[in-house]
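Two complexes follow with chain A in common, the first pairing it with chain B and the second with chain C.
Up next is the complex of A and B:
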């Protein structure tokens, strides 16, 4: 490379590097420093892992942590189960304009802010909401029922928020599956089930994995949906972090929670990749 | 015949929204023969093949395989297998799994699958490649694996959808011979569709020429080449010089035509003589034309012509001749012998052909 092209290369790289360094790396170093300092008096700090010890000694914290992890995994699985047929239909069973229209219809809800969409769910699910009133009207239930503020409500909201991020990579990978492979499968005597299992799913695996990673990360780190739909009865780990930072002014514990969440998401994604025998470059590089 | 033909189509028709892709096609393919459907792209041959395979359903007509109607049978239940245009080998499986796919679907025990896969790969000349991946094979090897994947199921009819199209010329020439010998080896009925006439001519026992959804002619390669049923077949199968003109005289089967350029030619009329004054087309094969430097005796088609260019291609060399009066060009096989060897641009030669080797057809729709 000549000096000139080198300069151009670094200039082009600049925005990305600035973004990574100032918004991701520096804050994380700062947070990590904060997380390992224990408060022993007024403006007196000592380096130690006390904040992490607090997490493990307080059942509310680690139980919420585990709950958040399991519910995020469950959300991911549910999103995959709901998203796959939709993606298969869009990618394989429609053509031309219908395909574009359907794809756009998946996208349209995302033109509205997440806050508005979540309030939409609240209007539907609250005690005096549409669903409750409808069930009372049809006589299925006697009095008003609260559908909000439980795990189910969180799940509905999370799946709804993240399903697009599952459908897009799935449609892309399923689109690249040659129809003649499916036809060849039928021609050789394959059943719907065996063709799905032996041809379609192995081909779509990179899309499935990348969709799952994105949905899982989004669910685990989501704040708005779990707080609004889960309320006080259904805690989410990001809510605890918020409380430490904003309500309790305990930045030390909040930072420690943040790093625990980072470790959790990284290790679950790592395990997921190992289990599905995919590599990160293979799934994200497509 | 005592046993029913492997594949019988009766008035098979397929209509799409606004046009008829396959129009009342009927044919029979006897057991163990190599049947080709030859036609230009868009003539409906792929639709026909997909109906035989079961991916599309005919609008009307009947389709019988070994005497049983297949109209209500799905593609996975038909005793036919198909080699796809781009082969459609499963990239997510190794070769052994690919070839064994059909057997696994039929619930054959694993040990038997292994021996049968090994045996069929041996028969296509690729023993011991079960553990390789699809992308590790060459084009010709993939071809043979695709055939093995079908043949391991012992289908009654093997359908091939232009499988040689993606190969380079040299390999294609080689695979033609190989396909023919594989067919003889397995003694299975092959139905092969192609737009490449030389593939069809070299390999087939019988060829159907398809045009605009219909079969124009069914016959052996020789019949199609020497006795074409109509102008389309004459022009499509093999090379031919084509002249259009008006019929000026008729003497039995011998027709005299004045071409649009003004030259007078005589030819043999096939399948009904055209009437005087009707529009007609004459087809002459390049190898049926004799060249000489001196004027030959009384032949009605002899004319002196000027060499436009020599297209040297070894044994298949051609020479383009121009008629100085009409300006019409003529493509002639150039013999690589005698004094014609040194033929160059601008030379004058005499071209003549026996009227019995030229074919005259009345122009359709005129």
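Up next is the complex of A and C:
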């Protein structure tokens, strides 16, 4: 490389580096510094890992942490189960205009903000809401039923919010699967099940894994949906972080929680990749 | 690290010089405290422009803490949260009383607020809007609810809501015959009170439909009839009363909890003059009435209730007789560190099954 092209390379790299350093790396360094300072009195702090110790000593915190992780994993599985047939139908069973229309219909709900979509679910699910009234009208239930303020409502909201991020990568990978491979499978006497298992799913694996990673991250880091749709027992870890920062003025503990969440999500994604025998470069590079 | 910060600092400096020349009052306040028509009158009279950010007590402190008291020129936290925030974070600057037209303030409120917001001999707060929190009850369906602990009664099971925040702890403590404000200065005694309240609130949890977070949320729950009794602000009850005569604010037997929202100057505010102009402007009786009509709460302005609508006055008098007014428990300043104890209690209530 000549000196001139080197300069050009660094100049092109500048915006990316600036963005990475000022908006991601520096804030994380700051957050980490805050997370290892323990408050011992008014305007008095000392360095230590006390905030992390609080997390492990208080059952509420790590239980909420585990709960959030499990519910996010469940959301991811549910989104995959619901999203795969939709993606398969769009990618393999439709052509031309129908395909574009169907794909667009998946996108349309995302033209409004997440807040509006969540309020929509609240109107549907609340005790005096659409679903409860409809069921009473048809005589399925006798009196008003509350569908809101429970874990089920959170799941519905999370799946709805993130399903697009599952469908898009799945459609892309399924599109790239040559139909003649499926036909050959049938010619060789394969059943629907064996073709799905031997041909379609292995081919779609990178799409499945990248979709799962995105959906899992979105669910784990979601704040709005669990807070608005969840009830008095439905704690979510991001809600705890907000509480520590805003209502308790305890930035030190909040920062520690933030780092623990980062570590948790990274390690679950790592384990997921290992279990599915995929590598990050392969899934993200496609 | 220093090299990365330098461009950001230059950028911030460049932005700040432009806003300085524009003479803008950046006001951090509550919804309804700076109505459009009041802002228009103020801008026409003084030439300043006003930018309003609405928030709540905790977020105000968090925002100012994040910037070491910058980004806003005037803030309006409640009077009990000023001295401790100043002690912990140093986010405010002392008031210059020579810039304030003190005659416009009701003297007793001005003195009480000054006493509560004094830190190291300097006064930080001026009173603006005051109100209470207590019970908002659908009297047709839950007329028997007259005190905080009545929310745990079996007759209203599943139709009750309150916030999981400090006013709930304090209201319940008073209702249980305890005196939390007297124990503010004694951490051990306060912890004892918190433990009793914790047990009561955990026992009460099955009665609760949901813990509400925002004012609009609780109003929706009450309006739809899904909730028949709640712990909430007086204004919320009076607004609902306009739509449904059965719902209104009830001053609890143990006493409504009284708060005063104030004016404070953030430590690094840049438009102090505009801030004092705003304070003197909104404390005029006719402007104070306009604010009361939109916010729903009364102000600390002398004759500030003169032009308040008759309906609002009637609702206020319906909720408060003289005995209920005398029984209002006014929040004393919260000592630094008390919130940590309350936080742990609230967490345990939240986690219980």
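Here is the rule we use: the second predicted complex is superposed on the first by the 284 of 286 C-alpha atoms of A that agree within 3 Å, B and C clash if a C-alpha of one lies under 4 Å from a C-alpha of the other, contacts with A are read in each partner's own complex, and residues count from 1 in each chain.
Everything below uses one rule, namely that contacts are C-beta pairs under 8 Å (C-beta built on N, C-alpha and C of every residue); 3 or more make two chains touch, one makes a residue touch a chain.
It should be emphasised that the depicted structure is a prediction, and the values quoted were computed from it without experimental measurement.
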Report task. Using the touch definition from the top, say if A:248 reaches chain B (first), chain C (second), both or neither. Result -> second
**Report entry** Touched partner set for A:44, first chain B, second chain C, both or neither
**Finding:** neither
Query - Chain touching more of chain A, residue-wise (chain B, chain C) - result: C
Report task. Could you tell me if A:126 is touching chain B, chain C, both of them or neither one (first, second, both, neither)? Result -> second
Query raised in the report: On chain A, what residues does chain B touch that chain C touches as well?
Result: none
Requested in this report: Show which residues of chain B lie in contact with chain A when the two form their complex.
Outcome: 53-55, 74-77, 80-82, 84-86, 88, 90-93, 101-102, 104-106, 149-150, 153
Requested in this report: Write out the stretch or stretches of chain A touching chain C in their complex.
Outcome: 18, 21-22, 25-26, 29, 42-43, 58-60, 63-64, 126-128, 146, 148-149, 227, 231-233, 235, 243, 245-251
Report summary line: Within their complex, chain A touches chain B through residues 178, 180-181, 183-191, 194, 198-199, 202-203
Query raised in the report: Can you name the residues of chain C that touch chain A in the complex?
Result: 1, 4-5, 7-8, 58-59, 61-62, 65, 87-88, 90, 165, 205, 208-211, 213, 224-226, 336-337, 339-340, 343, 347-348, 350-351, 353
